[in-house]
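Next come two complexes built around subunit A: one with subunit B, the other with subunit C.
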Partner chain A sequence: MFDLEKDFLYDLSKEVKTGTTVMAVTFENGVIIAADSRTSSGSYAVNRVTDKLTPVQDQIYCLRSGSAADTQIISSYVSYYTNMFSIEEGSQPTVKKAAHMFREFLYQNKQYLHAAIICAGWDPIEGGSVYSLPLGGSIVKQPFATGGSGSTYLYGYCDMNFKENMTEEEAEKFVTYGITEAIARDGGSGGIVRKAIIDKNGVRRKTVYGNKLKKFWEK
Partner chain B sequence: MQPKKKTLRPIVTGSSVLGIKYKDGVILASDTLGSYGSLARFRDIRRIVPITKHTVIGGTGEFSDFQEITKILRQKIIENQELVESGKEEDELLPSEIHSYLSRVLYGRRNKFNPLWNDVVVAGFEKGKVHMGTVDLWGSYFEDDIIATGYGTYFALPLMRKAYKKDMERDKALEVLRDCLTVLFYRDCRTINRYVFAEITKEGVNITDPVEIETKWEIADWQEGKL
Partner chain C sequence: MSGIGTGYDLYPTTFSPDGRIFQVEYAHKAVENSSTAIGLCCKDGVVFGVEKIILSKMLVEGTNRRVFSVGEHIGIATAGLTADGKRIVQNARQEAKNYENFTSDIIPIHVLTERLSIYVQVFTLYNYIRPFGCSLMIGSYDEEKGPSLYCIEPDSVALGFYGCAIGKGKQEAKTEISKLKLSEMTCKDAVKEIAKILIKTVHDETKEKEMELEMSWVCKETKGKHKLVPKKLIEEAVEWVKGQENEED
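Coming up: the complex of A and B.
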């Protein structure tokens, strides 16, 4: 039922959420991750150039959606603990280890959190991997994953266009067009497309500005 | 038994409408989006429409109610035309009369707890001067030289107030509106970069086709890396 006070008048006092679109895709050499750049509070865009591609380790990133506060603190914790891990073990943690660490936080604190995360990266054992960690704290390994409010508009697009072992160019187009279309339709997503390509050589970051996004059917 | 018909909550909504007076008349502006919650569902709607040769209205809020308002007013114009033709009325309804009538309609609906869920801008040319104002879902009537509804009241109004000068030039007025629309596109999650301008002078009404406005994203480079 529509509450005049809660849903209409006090829109601006809503919790800051990354109403978002994020995507992570494995390709032949690693993973490509991409996100929009809007942080919204109700229908106010608090930050129009947000960086949702958060490094956890050198070659492990996470994509954050849900409560901005929750996801920021959890990524900080996981980053900290994975650092401890590399000091103790003498080697870099795998993406699997980082993803499972996220899972531990999300699952054990599920009553308090509103956080959904995609953990993606490259390690020498598995190559590129993508792990989805939705609201309840489950963990699912997938060849590609989408998240955030804008992801609803991408299920059809992804199902029809994804192929395993794409080239870097194909995979980059796949995510860029996906985020672009979600930005066009989702009010919670907007701004620019931030991308990162993670492979054995490291991380390469790219940006596609708002006015340079490809235009699909506009009417 | 008839079902109770009330606007429970807005479903398809339009965001801000802006209006500014200048030397030769007034210009209104809005985007062409009808949002379905957070979904940018209808991207080519018209939220500023002509009512008579000298009056336009613009609507924020529930789009179906705005369409109903358009119907109600155009019907009133037709009724008035018939009276003019039969000699009982002087002339076409003036913008201020349309504005006044609309405020009574909206107030009446609010009293019955069945509002037309809109914030309507009424603007037009009468007796050599511009008339512009708003009426909202509560029936509140307001007139001014600069007008903004929806998120525009928070973001556009301060910018317009700073830039407004009585009898300002047309180019300056358009510049102010474009700036405000850009800010709204950046900050209002329920907008798109597709706008319509409605200009009213003593010659009449001219509503443009949809246009896009340039946006700046250089500040993105200063943000990368931080949470």
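Coming up: the complex of A and C.
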């Protein structure tokens, strides 16, 4: 029996989380980032078309997983500080700088936060870079990174299919299929696949709608 | 005693009728009482030299430092009240460390200069804290951007220089510096030239006691790290200067 209080209202009172799948991968010209579009509060999908690809600077994006509130506020702090620093220094901020700022916030406030971030982008010094900042506030630079509840279903897929210096097409396929698979298997992920390709020319955003998602093995 | 500023010179919070803040100008006078410091921006680095008057034979060599490191890559030379200079250097070190903690990059010299300038300016605003009685020269060397030299005065104005002198003999020193071809000079040559200016032009042997040369550099050779110039090089430079004197006689 459906109990209004127990089933529905209980869900609504749970914290809004981005039970999620996010991926970022470096390729020959830059990085490609991708995410699903489900924000859930318990089993209620608060937003089924969320945009988890958050700009920090023109060519630096972050992928947010964990508490929606925590990740939103931190990415706006980092956006503010990277702006101020770039004005002071007179040069474009590097992905390394933005990622380390994320680290500082995540680590110093670790007891209050439930946030994991992937910071990825392009800068003239390093080219495309991906930094993974998991729950405790550590920072790791990686050729590719996955995050969120759906990422557990992608470890095998990524290890087997990732190659260094892929072409844009290969890299796009890599992330699209990855998110698709995670959406199929993870209850916390769903909706559409949002992608962004970041290279020296800027950011190109793409979307793959639900009905266009490739179907892998299913009866 | 009445001077030019009488009546308008008690606090930095008072402008004179002709738009001057006398307390800040008096702070400049404190710098002019101190012994000279020179900074040269050469093609491969920045060299600092300070003429240190030896006040007593009981003082240990190398004591009473006038050049300091901020982080590993920036050097600061002071003239004026040394204690004031040290205070600003402490602040600079804090800024550099905070910047590095936050962004994981070493602080660029123009960012540090700007922040120190803002810091110094604060002390020209209130009547309960006095302006700093020191000038600073800030130098650094970067592989890509090359060498940079800035000078901050007690009024907080920070300017970029190719060659700069602060302290008692700054006028004579600046005249000599303007004769040098800095863009073609290496740091090793600059050590000699600075020694020459400090020993011959600026230091008056009849009026003052003996002097000690304190020199430091941050250049390609030190791989962008600010270090004291090796004692051997300074001694060679002093020998070279003496040789020059004999030639001219």
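The criterion applied here is as follows: the second predicted complex is superposed on the first by the 209 of 219 C-alpha atoms of A that agree within 3 Å, B and C clash if a C-alpha of one lies under 4 Å from a C-alpha of the other, contacts with A are read in each partner's own complex, and residues count from 1 in each chain.
In this section, a residue touches a chain if its C-beta (ideal position, glycine included) is under 8 Å from a C-beta of that chain, and two chains touch if they have at least 3 such contacts.
Just so we're clear, the structure is a prediction, and the values are computed from it rather than from any experiment.
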Next item on the list: Scan A:E89 for contacts with subunit B and subunit C and give back first, second, both or neither.
Entry: second
The answer to whether subunit B or subunit C touches more of subunit A is B
**Message:** Going by the contact rule set out at the top, does A:Y44 touch subunit B (first), subunit C (second), both, or neither?
**Reply:** first
**Study point:** subunit B versus subunit C as contact partner of A:E218, first or second or both or neither
**Key:** first
* First (subunit B), second (subunit C), both or neither: which does A:S65 touch? -> neither
Touched partner set for A:G190, first subunit B, second subunit C, both or neither
first
Shared subunit A footprint, subunit B vs subunit C, residue numbers none
Residue positions on subunit B within touch of subunit A in the complex are 8-9, 35, 37-41, 43-44, 151, 186-190, 192, 194, 214-217, 219-227
Counting only contacts in the complex, subunit A reaches subunit B at residues 1-2, 7, 19, 37-38, 40, 42-45, 47-51, 54, 72, 75, 149, 184-188, 190-192, 194, 205, 207, 209-211, 218-219
Seen from subunit C, its contact residues with subunit A in the complex are 101-105, 108, 110-111, 114
In the complex, the residues of subunit A that touch subunit C are 81, 85, 88-90, 94, 96-97, 100-101, 104
